[in-house]
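Input: a single structure, listed below in structure tokens.
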Amino acid sequence: MKGGRPGRILAFTLLLLGGVVMVTPLLFMLATSLKTGDEVYALTFLPRAPTLENYVDILTRSPFGRWFAVSFTVSTVSTLSVLFFDSLVGYTLAKFRFRGRGVVFVLILSTLMIPTEMLVIPWYVMAKSMGWLDTLWGIMFPGLMSGFGVFLMRQFFLGVPDALLDAARIDGLGEFRIFWEVALPLVAPALSALAIFAFLGNWTAFLWPLIVTTSPGLYTVPVGLASLSGEFQTDWEMIMTGASIATIPTLLVFIVLQRNIIRGIMLTGLKG
Amino acid sequence: MFFAVVRFWPAVDAMMLSVSRWNLVGPRQFVGLANYERMAGDPVFWQVLGNTFEYLLLGLPVSLVLAFVIAFYLDRVEYGQGLLRALYFLPHLTTATAMAWVWRWFYQPPPVGLFNAWLGALGFGAQPFLRSTTQALPAVLVAAIWAALGFQVVIFMAGLKAIPRSYYEAAAIDGAGFWQILREITLPLLAPSVVFLLITTSIGLLRIFDLVYNITAGGEGGPLNATKPLVLSIYQSAFARMDMGYASAQTVVLFVILLALSLLQMRLLRGRDEGGRG
Amino acid sequence: MSNSSRGSKLVRGVIGAMLGLGLLAGGATRAAAVEIEYWQYTFKQRVEAMDALIKDFQKANPDITVKHVTVPYDNYRTRIAAAVPAGEGPDVTQLFYGWLGDYIDAKLLQPLPADLFDTAAIDRGFFPFVQGMKVKGQYYALPTAVRSLALFWNRKLFRDAGLDADKPPATLADLVDVARKTTKRDAAGNLLTAGIALDTAGQDVQWIRQVLVNQFGGMPYSADGRKVTYNSAAGVAAVQWYIDLIGKEKVSELGFLTDGVTAFRSGRAAMTIDGSFRLGAFDGQKGLDYGVTELPGREGVRSNFASYWVNGITAKAKGEKLAAASKFLAFITTPAAMQMWMETVGELPARVDLAQTDAVRNHPKYGPFVRGLSYAVATDFVDESIQRKVMMDLIDTVLLKKTPVADAVAAASVEEQKVLDGRK
């Protein structure tokens, strides 16, 4: 590797500095959530007398545990579904030649391009006719596959050498086992990245869960938090507290999956 | 099958709506191309379209180059890599509403605004940022790049990790220099990630919405529509003005732009894409 | 259908099946209680008040149960527009008065049944602007409460500036004078405390259009509401006066502390114009000592802007549900309900005789709003959001593009006229 020790220290310092700049707005969010109402606008970055009052307030005022469980269920199920189906479809698109492959790919890609805002009304009509309104399944169904994931997995499967797959075929492995045991481990980094994004996408989704649910018991975390603020009301310390609470679980998921990324690299290293 | 029902049908529905007049609560009326004619004659639509491209053309190169440089060096860090990556990725974990407010607060005039306080300390005059028709869009864009950077860094790093170390070692033995390795090994092998990020970042920038909605006064994409992107305009037409037909017509325009752009990018990069199969 | 109602339906279904198999076609339950759904947006005090009203109503009508659904404010309109045309959701629902036209045109609302709602009595009993809810002699919806604007002032900042903390400005000239004295800037000229918090994304737009234009001797709209008429010397003067607060008097800046409410809440603005619905937010702010007074007059002319949310019965309610829904709507617009609503939510009763009592008129916080209501006008909006945007852009054009006020006002009136012409 080029660049000696001083170079590396310089790079590290710059990266660290950049990282600190990146989290500054988040620290501000966290700091605000620890302030009381009259201190929020005191124009100081750090709270003078940090308090957990806002957290206690949110957690006691609302069925937050319930919202959390709904969000967690929806995000987990959707993520698993996305991981399985998207990698299967992505693999097929990358490694099998069949008629209309290009068309299918472009069509799937094109689904990324319609804003969610335009889709909620047709989804609502669909959910109503299927009797899915105000159910967990109703919240989940649009997110069970994503064009984004198919695209990501296809791109990474393109990088898997055909020779490896052919070798597995010669060894007599079935097509699904080749996919599952040979190809999939090679794209482990991409899988964990996809898992993070799918989880996050579902965790922060707002408009659709709001439209499809009616019972407060079925709210997801973002919908529940929004229901705490009202007309023309901007209790920023509350919104910051809510955002902080909502960020913690995603942070945990990210940390857990970071390990998977490292394991993925090791697998890749062995095969490569 | 799932895709056909959940994703395509609504899209087709949106196309059909674009030739209708519908306020969401009444019956739909077929009006032919009237919505498109109105769009062509609407100066705000053209301004919004211009803004949308400004987000794309400024945001795409800046964010991708930045993300690549960070990922490239992050990949080489031996200690605390996980921590550093987490720092860059953290912004991606939060919701746009909360973060938009923080940025709005930072962009305040002095003495409240953090940025203006820094400028003042460095001896520069105060800037209006969000209250300026020329500075507002770049100001919003900085926040957008900030929010998306972690995502791009992670994708680039996943791509970099997938490149076997032995390739670099072989190249080093052959006496290849830094730039030569970068150009002949790293970038070609990273092509699938680059294509992926080019397309998703373009789509992300062309679909920018939450942030603008929450960072501008009244969610209007002001001042004077200076920051209003197409999706905000679609949202307003649909849900504030209840004009679903006009909203759908704008959606179709967005769709066509995105599709054309994606096809173009894929075609341009096809050569490298093939190379990526190594 | 929701889980809870499905659960109770199941129970009812089992009972019904025991009573007489197969008679439950279409899910209608004859023997048991009727359930109706009521929707409003989420706002702590409103939800509490409605829960209490529902409890009383169910006690008086044991055969009816009301399911109360609330939706976050920002997305209320979308949510309701998704549900109602699909035949889902509420039997009785709350709507902003400006949306009613669309719902009536689309036949999503039913006229209020004449047996429970006497048109002449409503004409007499409610504030006159409520007659906007009457189409072809039939009322389609009724409010429980109404709101108006007033001037809020910060006592502490008045005292700090050496002013009488209990003497708010009564005229526009006073307002400018007080604002000048309470404005604070640092050595570099940066605004530290605004004399008055201005925010065109807040209530200022209504203040300029419906109040200032009037006070400067003009009319914002023609009598039938079909023509924009503020493109006049008076209209220009009114806008100029507002612009001068920022440009000439330098007592405020748009976007100061992000928005007007935040600026006033945080004690960094000595005054602000806002609605009665803001009392709750300001009361909740620790350390904020504020007063409320009627909007300042000009040469003896006082004006105000009223707005309100109404309750209507959707097309979904049929048969016994319709009867139950009507009963419920009548119940939540009784004097007793309005009184209770005012005490819990802080919104003013929609019936004149209830609002214009001495106790209310002299109330330190409700009083100014109620006195304002007696001369308030509710703008006959075609599309509130575009009409507000036109005014926001008018102010920004002058401030940012340096367009002469007269030109900007003329352009805005042309823009807004287009919106009015779009009315069906």
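Odds and ends about this structure:
Going by the order they are written in, the chains are A, B and C; count residues from 1 in each one.
Everything below uses one rule, namely that a contact is a pair of C-beta atoms (placed from the backbone, for glycine too) under 8 Å apart; a residue touches a chain by one contact, two chains touch by 3 or more.
Keep in mind the model is a prediction, meaning the values are calculated, not measured.
The chain with its C-alpha centre at the largest distance from the centre of chain B is C. Of all chain pairs in this entry, the one linked by the most C-beta contacts is A-B. Here the spacing of chain A and chain B, counted between their Cα centres, is 17 Å. In whole angstrom, the spacing between the mean C-alpha positions of chain B and chain C is 36. Centres computed as Cα averages put chain A at a distance of 38 Å from chain C. Residue positions 78, 82, 257, 259 of chain C are each in touch with at least two other chains. With touch defined as above, residues shared between interfaces to two or more other chains in chain A number as follows: 121, 236. Looking at chain B, one finds that residues 24, 101, 105, 111-112, 239 touch two or more other chains. For chain B in complex with chain A, the residues that touch the partner chain are 2-3, 5-11, 13-14, 24, 70, 73-74, 76-77, 80, 82, 84-95, 97-99, 101-103, 105-106, 111-112, 146, 149-151, 154-155, 157-159, 161-162, 164-166, 168, 172, 177-178, 189, 192-193, 195-196, 199-200, 203, 207, 209, 231, 234-235, 238-239, 244, 247-248, 251, 254-255, 258-259, 262-263, 273, 276-278. Those residues of chain C that touch chain A in the shared complex are 1-4, 41-44, 46, 69-75, 78-79, 82-83, 86, 88-89, 202, 257, 259, 261-262, 265-268, 275, 277-278, 280-281, 284-288. Against chain B, the residues of chain C that register as touching in their complex are 77-78, 81-82, 84-85, 102-103, 105-106, 108, 186, 188, 190-192, 199-201, 253-259, 383, 385-386, 388-389, 392-393, 396-397, 400-401.
Looking at the complex, you find that chain A touches chain C at residues 36-38, 40-41, 120-121, 124-125, 128, 133-135, 207, 210-211, 214-218, 223, 226-236.
Residues 1-3, 8, 11-12, 14-16, 18-20, 22-23, 25-26, 28-29, 32, 43, 85, 106-115, 117-119, 121-123, 126, 141-142, 144-145, 147-148, 151-152, 155-156, 158-159, 161-162, 186-187, 189-190, 192-193, 196-197, 200, 204, 206, 222, 236, 239-240, 242-243, 246-247, 250-251, 254-255, 258, 261, 264-265, 268-269, 272 of chain A touch chain B in their complex.
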